[in-house]
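Shared between the two complexes below is chain A, which has chain B as its partner in the first and chain C in the second.
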Partner chain A sequence: MGIVLSTVEQGLIYAILALGVYITYKILDFPDLSVDSTFPLGAAVTATMITNGMHPLLTLPASMLAGALAGAVTGIIHVKCRVRDLLSGIIVMTGLYSLNLRVAQDKANLPIFGTDTLFKNGLTAALPDAVADYAPVLILLALVVLCKLCMDWFLRTRAGYLLRAVGDNPTVVTALAKDGGMVKIQGLAIANALVALSGCVMCQYQRFFEISMGTGAIVIGLASVIIGTNLFKNLSFLRATSAVVIGSILYKACVAIALSSGLLPKPQDMKFVTAVLFLLILALGEVRRKKVKAHA
Partner chain B sequence: MKKLLCILTALTMVLTAGLALAEGETYRIGIAQFAEHGSLDNCREGFLAGLAENGFVEGENLEVDYQNAQADMGIANQIAQGMASGDLDLICAIATPIAQACFNAADGTDIPTIYTAVTDPVAAMLATEDGTATGNVTGTSDKLPIEAQLKMIRSLMPEATKIGILYSTSEVNSESAIAEYQALAPDYGFEIVVSGISATADIPLALDALLPQVDCLSNLTDNTVVSSLPLLLDKAGEAGKPVFGSEVEQVKLGCAASEGLDYFALGKQTGAMAARVLSGEAAADIPYEVISESSLYVNYDALAAVGIELPEDQAARAIDVSTL
Partner chain C sequence: MLELRNVTKIYQAGTINETCLFQDFNLAVPDGQFVSVVGSNGSGKTSMLNIICGSIEIERGQVLVGGKDITRMSEFRRHRTVGRVYQNPALGTCPSMTLLENMSLADTKGRPFNLRRGTDRRRIAFYREQLSRLNLGLEDKLHVKVGSLSGGQRQAAALLMSTMTPIDFLILDEHTAALDPKTAERIMELTDQIVREKKLTTIMVTHNLRYAVEYGDRVLMMHQGKTVFDRAGEEKRGVTTETLLGLFNEISIECGN
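Up next is the complex of A and B:
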């Protein structure tokens, strides 16, 4: 039971990141590599604020703001300086690495053990034991559902409609006499705000900041988005945002299954088994789709 | 089919009998290692040897679940959470980030965390300033014997003034080691020139800039730099400058010499601590330990290549790695 719970918890944390990646990758059609450093940026902001005695709740908007700024910079570099999308992400990712160290008070590893966090504070300590085990997963669930609902709402607004149009058909945006570049910058800011929020939550969950925690974040994000959207393509009642959240939990479940010692001939084979599990999920999704088509 | 059943039944009986023979309690421990890395592997082997010496033998009365995070923080967390949610008697965490992850995950359970290869347990918040634990956790530190290293370099290179150190800015252990190098270097008449990198790909450029400024290089236990040691040795060799390692594995690979820790011994010491915890002592009551004495490991071929002769007083205590 414990392992299922912790897998869901971590899946939910990365689901926030995956929602951000969904905006850039699926909606804007922008491969945004800055994610690898905006994730630790959120964590760095959080660790520094908490070690300086600030309230854990304050870290959420603060890291989102930091992430939004970084995302906007990626957008400005791309739109205003006409740098290729991949490269503008790389530029921000590279530069932020040093900045993250500065934010974390020049430390590559900043622990926040022993201080109040989102998951361990006076409030959660007062909970009865039976509920306390589920406190983190409930807090995370609330946070993820809130993010998802906000995003669903936003995508239905005028600004959200423009955002979708920029990725799908930029001419429409121009025809509406809107600046497509501004919309892109906006989208990148929102996406990276979510990514940094995910980093903020991760930092409070693991209770330390580590500069290398962003390595491969974009891979997790992309995999979650693709697993989620591919697997649930035909379920029209499931919004893409929900599919992405489930995708992220599935991603973490694959790793958890690969880690559970029975499957591994050797610990070194963990990544290979994870890769095979991904392939299985995607292939199963494909088989199921063909069956649906055959019945139609 | 019947035959197969017979064989199966027989096998089961033999197995059950074997299990029944193994007397007493069986302990289950988890080993969470951060990355695949010579020193960390030595730590793990030493840990199991230390446990065995104290009567906890893998395969007899000890079950070991070994997992490696392959330097991925996300996976390190999953390993830690997975181990903490199992019914283990103890978690051994090798290297700082995974030690923190395990300590965090096991908080609230009654599973003790025993760490090793953590350079600065106080900075990592695994111990307080006075050496006591911050929770159900204890272990060993692989703090570098920096003063001994400086002394050794001085005796081998009496004319040298500048020592170059390459380190990655992402490793907290390297930062604290450099701070200590810089504090101690003036006592031995050295100046430390550092060059920070963020990825393996930066190493060649950083070396080209660093080597002309210095008389020799001295390594830390920096994982990124140590992983690229052959490249570093190549470049330094071309420039005719000696490289001093931080532990025996590096000297085996071609560093000239090192005042180093024996990671196998460090692991063994950790294993002995783990045995105390398994026997009933509380991890929180055992202060963390540091290996204090270092040994001089020497690679005579590498020394000869840069034209250095080992002074006699040093030669007496030197361990020749070619014989290891």
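Up next is the complex of A and C:
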């Protein structure tokens, strides 16, 4: 039971990241690698704020702001300096590694034991034992549903329409007398705000910041998005955002099963298996895209 | 007045493939004029439209609107007063958005793209009415993704979208080329109607000589980056498809074809 619960909890935390990756990868058609560093950025901001006695709730908007700034930088490098999308992400990822250490008070590992967090505070302590076990998953569920609903709402505003248009057909955005580059920058900012929020929540969940906690975050995000959107693409009543959230939980479940079933000779083979799976998914996706293009 | 003054355009400058398409090219289009442009493939029609819209840069010369130099103005800013339908039907619409969402986007042009609802429900009846003018049954496809419409349907929707909000200039690049003859006819009539209703200054590139003769109040023929024939007003009325066809043949004989 414990393992199921923690799998769902982690799936929900990464679902926030996956929603961000959904914006860059699916809506903007921009493979944004800076995610690997904006995830720990959110965690670094959170750990530093909490160890300095600030309220855990304040870390949510603060890390989102930090993530948004980093995302905007990726966008500016891509749009204004005309650097290719993948490389823009790599530049920000590299630079943020140092910056994240600075934010985390020059520590590669910053624990936040013994302080209040989103998951352990006066309110959760007052809960009866039977409920207390489920407090984290309920808090996470509420947060994820809130993020999802906000995103659904945003994507149906005028600004959201424009964001979808720029990934779909930038010429239309130009024809609307709008600067497509600016729209992309905004989209990257929003996406990385979500990614950093996910890092913020993860930091409070595991009760420490760790400099390498973002390694492979982009893979988790992409896998969740691809699993979610492909698995549920025929269910029209299920919004893409819901599909992504479920995709994230499914991905974490697959990982948990793979690790516990002894399918993997060693746990450290995990990344290799992930990479192979990932390649398969991308390659299949590419074949499908070509087919769609041929029909267009 | 829309003007191109002494425009020089060189493609792939500084390489062995360097080609000078326009050299001291001039064009002046008075407000409200409807210009039809014909010319063989590669004569520079699309390039001329791209220069007007700011989609490509020029080596020398000026682009002026109402006497104001807009040569350095970015493409997206110029589109505040420009509506454009492209040669390629895929360029005018967002394929993964529904027809209603596309119409709503077009309807928001010129206003802030803020956090208000993307689709104004009160406008749906208006969109339906506009779409029904096309006679393509699109008024019943508002919730269909545009990517699953035919090229002709998309092009028709693109024409409506580009002229939905107030603009001064309409730029059309073979916008009926991808359509079947009957639809092309309908879209051409509608184009003429819209141009008159909104008093738009229009430049229409077409390969259909009959359209060039029947519609508009000026006809231009281009060849190798030069205007080889230009008739407006009363003079234009005397131009027939035979005149244009004769010119085409003359030119190709000169070129040794």
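Basically, the second predicted complex is superposed on the first by the 260 of 296 C-alpha atoms of A that agree within 3 Å, B and C clash if a C-alpha of one lies under 4 Å from a C-alpha of the other, contacts with A are read in each partner's own complex, and residues count from 1 in each chain.
Throughout what follows, a contact is a pair of C-beta atoms (placed from the backbone, for glycine too) under 8 Å apart; a residue touches a chain by one contact, two chains touch by 3 or more.
The model shown is predicted, which means the values in this text are computed figures rather than measured ones.
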| After superposition on the shared chain, which partner residues are touched by A:L162: those of chain B (first), chain C (second), both, or neither? | second
For A:Y97, decide between first (touching chain B), second (touching chain C), both and neither. first
Ask   = Touching A:D179, do we find chain B (first), chain C (second), both, or neither?
value = second
Check: Once the shared chain is lined up, is A:P128 touching chain B (first), chain C (second), both, or neither of them?
Finding: neither
Chain A contact check, chain B vs chain C, more residues touched by chain B
According to the stated criteria, A:P265 is in contact with first (chain B), second (chain C), both, or neither; which is it? neither
Worksheet item: Which partner does A:Q206 contact after superposing on A: first (chain B), second (chain C), both, neither?
Response: first
Listed in rising order, the residues of chain C that touch chain A in the complex are 74-77, 79-80, 83-84, 86, 90-97, 101-102, 104-106, 108-110, 112-119, 147, 161-162
Note: in the complex, chain A contacts chain C through residues 154, 156-162, 164-165, 168-169, 171-180, 296
Listed in rising order, the residues of chain B that touch chain A in the complex are 33, 36, 65-68, 70-75, 77-79, 81-82, 84-86, 96-97, 100-101, 103-105, 123-125, 134-135, 169-172, 175, 198
Within their complex, chain A touches chain B through residues 1-3, 5-7, 9-10, 14, 97-98, 101, 106-109, 111-114, 206-208, 210-213, 215-217, 220, 252, 255-256, 259-261, 267-268, 270-271
